[in-house]
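In the two complexes below, subunit A is the common chain; its partner is subunit B in one and subunit C in the other.
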Partner chain A sequence: MMRLPWFKYHAPRSVAEAAHILAAEGGDAMLIAGGTDLLPNMKRRQQTPATLVSLRQVEGLKRIANGKGLTLGAGLTLSEVVAAPQVREKYRGLWQAAAQVASPHLRNMGTLGGNLCLDTRCLYYNQNEDWRRAIDFCMKRDGQTCWVATRSKRCLAVSSTDTAPALISLGAKVRLISAEGERDLALNELYCNDGIDYLARRPDEILTEVMLPDLAGWKSTYWKLRRRGSFDFPLLGVAAAVRTAPDGTVEEARIVLGAVSSHPLLTEAGQLLVGGKLTDEAIAAVGKKAGAVAKPMDNADLDLYWRKDVVPEFIAYALRELRGDDMSETRMRVTRQLL
Partner chain B sequence: MNAKKKLEVVGKSRRRVDARAKVTGLARFADDLTLPRMLHCKLLRSPHPHAIIEAIDVDKARAYPGVHLVLTGKDFPVPFGIMPVAQDEYPLAPERVRYVGDPVAAVIARDEKTAEEALELIQVTYRPLPTIASPQEGLEQPETRIHDYGEQGNIHRNQSYEFGDVEAALAASDHVFEDVFFYEGNNHMAMEQQASLAHIEGDGKLTLSSSTQNPHYLHRQMARALQMPASQIRVIACQNGGGFGGKCDPAGHEIVVSKAALMLGRPVKICLTRQEVFYQHRGRHPILMKFRTGVSKDGKLTAVHLQTLLDGGAYGSHGPASTFYSGVLTPVTYELPRFKFEACRVFTNKPACGPKRGHGTPQPRFGQEVQLDKIAAKLGLDPAEMRLNMVTQADSLTANWLKIGSNGLAECIRQVVERSGWKDKHGKLPEGRGIGIACSTYMSGAGVSIYWNKMPHSGVQLLLDRSGQVTVMCGATEVGQGSDDVLAAIVAEVLGIDTSVVRCVTGDTGLTPVDLGSYSSRVTVMMGNAAMEAAGRVHELITAAAAEQLDTLPEQVVMSQGRVFAADNPNHGMSFVEAVVLAETKFGTLGAVGNYSPPKQPGKYKGSGVGPSPAYSFSACVVETEVDRATGMVHIPKIWVAHDIGRAINAVHARGQVIGGVYMGLSEALMEEQAFRRLPPKLSAALVHRIPSMLEYKTLTALDMPDVEVMLVEDPDPNCPFGAKEAGQGPLLPVMPAVANAIWDAVGVRIDEVPITPDKILRALVLKREGKTPRIGPESFPEVPYPESVFVLPPGEGGDGNESKNVSRPSAQSSQSSHSRMEVTAS
Partner chain C sequence: MGITATVPGKVHITLKVNGEEMEVSFAPYKTLLEVLREDLGLTGTKHGCELGECGACAVLVDGAPLLSCLTLAIECEGRAIETIEGLANGPELHPLQEAFADLGGSQCGYCTPGAIMTAKALLDNEPEPSSQRIKEAMAGNLCRCTGYQQIVESVEKAAGCCRHAERVKA
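After this line comes the complex of A and B, so read on.
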């Protein structure tokens, strides 16, 4: 890493002021909240915004509002999300996802909004500028070729957010505010399957809130694959949420995979469960179907074929946990912590 | 010390003398240092893995506001290197770059940011050359030479030794096992990145404060590279945030900032980034190895023929020593009548490899211990029993003429077997769970200095005065291993005082007697013996003076717990301070020196200087694993390790060292990889480190660390201070093979390479299900043009330690001779 490049810095006090500054600065400005993703990226010259607009002092972004469902301010740190009892009790998948982002220190700085807008990642891209010069750069920044698959027309950098798959499985929406107005978007629609243009958010928009529906009758979970018990970005995230009838019949199910594509992958495999029970056979069928669409690339840790091979297994962990199996021993082995 | 007393300091669990500073942040590391008018240095590094530098234009950088100096290879005409036979490095590459990251220019500016900006203004014209990414490629492409010295082509070092007729022994063996193993390279991952600050003292002399393990060798190489008298240079080893071998080599940046400070007359500092640490590297050599091992049917070794192929990276570094260490300690753990060892180190276009904790020995140790597990399985023997039945003996000579003193290996094996419940577990745990054992040995200091001389390896000076303060000075270097604590403890023990009375001044070539440095696990033994000698001399002075006052004989005077008294009348005495006053009154200014040189070794053949040590430590380790058969993921609930330390100077600290070694070994076993990436050759000639960052280069986190049970086996070694042998390196070694062996016990697959990742285990499990050989590892060992062997008769066959020139060896002409009973053991 290098020293930070020069940049202009704004510290607005309100969303309106921030939106106004963003509109005036144009495309060279970026928002900064916790900075745990952006600042290292700037030190490696992956991102070099001329202007940073800080959200730290913007009022209202740390709101937690109960109503029908739950509204979470985008400025809540991940530690604050983890500490919120409503999240832990009613949206367990989100709680488990947030609790596994990076390390305690980074969760104390990084925000929910920041994790949702996390830059896509790739071992050819998340490198210092001089390293990238040695490979003549790549498509995502300063170069032409996607070195992950040299014939690829698009960048294959990986969506590496933990909270997005969890929130998509929970049916979350997000609010985007700009100087021109505001709009609400199903979270799934915030993402595009392109390592460069991975967000449907316009550069002048601020993600201010995450809105969760009332999920009475639902259960959710999140399983994360990574090499170590802390610190690492996901190599696979499995977010699953199901609504079951009192007899255990599945009425609705959503399975979202993280880190196997340039966007969180809302699979259709959940449909296989509807109308039946979470039997071993049904779980295996879902794993097979969802596993087939996972496309891990050789641009993250560990062997890519292995990463694809274990997708059904991780889906099974998630669904067995939702069925009520005691998965604590597996959880401890796989993630080195009980969640 | 005639009046015997019980040990009062040595052996106890104490707070180490530097603990307070380290815990509270008071310890000053090189990066903490600032001086008035200090400037900052940044290096421009090559983006090419191999290229000729055709031109460098630094005019724009020189003219950039805030820039004080720009240096290039032209400013450093003299090459350097820690080993006299491998001085192949320049502080800045003058005409050729040999890996991505090779430094070519330096900018010294008012701050780091200005220096970085000016680096971008330097225009370098490169002419790219073909690249070599592996030793196999290096052997195949002798013509694209990375260096114009070495054995031939890209072979840096190439050697062969044979102790007894190995082919004959193999032919007469009941079984011969042949296995190929690979050990991936890895980095030291010291928490502290290297930093250095050079400045000119008021008397015109140069002082360099640096993160270094070996200020003495650095001192010599600075004098060489800067073409200055060593007397004009002072090297201060700062507190080091870990070294593990990564700070043993003199580094180019240390010489660059020194030169800049001399030219500018201002302090100049450099702090490497983590990426630059991966480029400076000097880490574990990737080694491909082949073991042909003869065994009798009751599981005793008859002979080993070991071949190693080392990926040296772009420079010599410690390579000549590393090449030897890839084999020479193999015969130290188990009785081995005959041993043949061929080793070859090849240059590649990657950062230079060098010494890392265990220096060259963990790789063959992995191979040997995994192979023994296979042999035990094949012969139906218990792997622990088999080892126990063939451990080497105390006071014995190995086939390659290494003198073993004390030897606690058998006791180590017994203790880990007992504590782990081995007998109820091995081969008996449910499918998916397993237990594995491995053993190891390491030197307590290299018997020979890195450059040839007959002077002491360690010197210690003690100063005392009427205040009662005791200052002990030694060139040994605190790298976090606790050398200051050992020094204080030994002096305190001899003088009967508390360690808090002792002030350590260490690792400063301007103030302290020469000690060769913190490498080869030599500090406790060598510095410790020197400290005992110095303290013993002071003890004599003080007891002589006190005896007069106490009206007794000096031999009857006891120094204990801060008091000095007569042995037969403990109440009749005085304080330590009062005794020092008497001694200063009687003898004048009080002080003493002590020094230490290792004993002469029995091996006399050329090359016998690598491997001898005053004492060898021994370790045994049992690892328990749980392997998930669906994913290949490994969970390690517990590790037991017994270490023959001779005697622990500070018990809690020794355990910490052992646990630290287990941590590093487990991290290497499961994940660490200094791995490189080539891009598709049609599109790019790039050859880059895959992951030069602390995030993506994986090491265990605290959450991944299992419970470790440590047993210290204390069988004092007569060559060592209070019997204390090393603990810094040995306990790492058995961990990797014990993990591999435990995985075999759990799921019946062999992973014959490190790191052992879940994808490899899953692939092996698939092979097993398909009825194929359930093994992942290298398939073959290439043809290496090893030289004719140096033949030495082993001690048991009437040798005298010299090379035997005219021995008839009917079977020695072909090392690849076909063997009817040759077995590949992964079954």
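After this line comes the complex of A and C, so read on.
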């Protein structure tokens, strides 16, 4: 039986109060929202904060505000994000990504902010303490070596969030608030390509909301590869967002890959589409270019080489869907969910 | 500020379980699953993977199915908790319990409390779910015995019984 370790617990009611507690507690404190990522990690002693600052009762973190775009409170559960009609209608890629996170129960618990700050994952790290001790631990926690690539100077744990690639493709920003003030970051800038220091968020900052721009004329989608139709983290996520002229000419396109790097990977392949139409040839060229930069590592489920091979296929599914092809059968085969 | 636990020792709170208010003292690191089973003696909720990967420990909190193994009990004050123990009305089984028993929706029984509570939340919100909706809603409850078909059939049968009972009442 795995018990949680002892921790001090605070339940502030406002962002200011939470920020004050975080500042006072220093680096040993962590925020807890849904707890679906942090608590398993604490049970396995991967993360052992001395203090938990709960965001559950903090006011204002479940706000949904329509303005020029859409603002989503970081404390919304993923189920609440999925249930928001504005998300479903205008930000389809986010809706599809949120609807495919983990399982229904975990979506009822886990929050949007939590999914954006999800700890990076690795087969050598997401194990209990005895298992990790048996390999003398790894670079990410208590050890020196990266067991995925033993000569690697940095940790290769994988960014496994579904919502981040979708939100980056949609041009989202996030707000970070600390006792010292607040700042807004383009979501892409929240991430660093390092399995240990994977977030540019400082430990005393609270991610409070996600701001989406008005995306008139855009279409977006998210495709996820995993072994089962539920529970599993992505082994590949493809988020694509495209703005087209009335005649179908692509004016802007963003393609972001998840789970093939230590950060969500905003590719440059979308540029290949600009000025042309979503033809089979153009889609194949994008798949080839984006596939070349995807670097999945042998630290997750399924065969590594196969996972790399299917990157262009998944990009093609996404772009064909945006072109208007009926992809429902493929979608059902791949994700076993009607999306 | 809500409840805090900043010095070693137990916290003392009131939990509302199956409509009944219960005072309970426990170490603040305990999960709702641990408090239900160890401190309140409600062992109907099952202890599976402890990591959110199986659904055996699912209970309803404010009507939504959650995993009690990843819910801090200290965060549950004032919230309505429903467990499998609260389902039967005296000797009368809930339609879901009856359907699971009649149709083989339960074999070894370990996943059953979590599966039934999850199905209850579905039927409370959607009295006439399609079988695809049932599969989606139950996608967080692993069962290693039934192959799932009997579980889906049980939920479908219970949905029909619930609707029938509603009509009789009306």
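Basically, the second predicted complex is superposed on the first by the 338 of 339 C-alpha atoms of A that agree within 3 Å, B and C clash if a C-alpha of one lies under 4 Å from a C-alpha of the other, contacts with A are read in each partner's own complex, and residues count from 1 in each chain.
As a convention for this text, a contact is a pair of C-beta atoms (placed from the backbone, for glycine too) under 8 Å apart; a residue touches a chain by one contact, two chains touch by 3 or more.
Keep in mind that what you see is a predicted model, and the values were worked out from it rather than measured.
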Practice item. Applying the touch criterion given at the start, work out whether A:229 contacts subunit B, subunit C, both or neither, answering first, second, both or neither. Key: both
Exercise for review: Determine, under the contact definition given at the top, whether A:1 touches first (subunit B), second (subunit C), both, or neither.
Suggested key: both
Exercise for review: Return first, second, both or neither, reflecting whether A:334 touches subunit B, subunit C, both chains, or no partner chain.
Suggested key: first
Check your understanding: When the two structures are overlaid on chain A, which partner does A:252 contact: first (subunit B), second (subunit C), both, or neither?
Key -> neither
Check your understanding: Between subunit B (first) and subunit C (second), which, if any, makes contact with A:104: first, second, both or neither?
Key -> second
Review point. For A:12, is the partner it touches subunit B (first), subunit C (second), both, or none of the two (neither)?
Key: second
Review point. Touching A:182, do we find subunit B (first), subunit C (second), both, or neither?
Key: neither
Practice item. Considering only the touch criterion stated at the top, classify A:39 as touching first (subunit B), second (subunit C), both, or neither. Key: second
Check your understanding: On subunit A, what residues does subunit B touch that subunit C touches as well?
Key -> 1-3, 229-231, 337
Practice item. Could you pull out which subunit B residues touch subunit A in their complex? Key: 45, 47-49, 100, 112-113, 116, 273-275, 626, 628, 630-633, 635, 671, 679-680, 683-684, 686, 688-693, 695-696, 698, 700-704, 757-759, 762-763
Review point. Tell me, which parts of subunit C touch subunit A in their complex?
Key: 1-6, 8, 27-31, 34, 47, 50-53, 55, 58, 64-67, 70-72, 74-75, 118, 132, 136-140
Review point. For subunit A, which residues are in contact with subunit B within the complex?
Key: 1-3, 123, 126-128, 130-131, 133-136, 145, 147, 150, 227-232, 301-303, 305-306, 309-310, 313, 333-334, 336-337
Point to revise | subunit C contact footprint on subunit A (complex, rising order) | key: 1-13, 17, 32, 35-36, 39-40, 43-44, 54, 56-57, 79, 102-106, 108-109, 229-231, 337-338
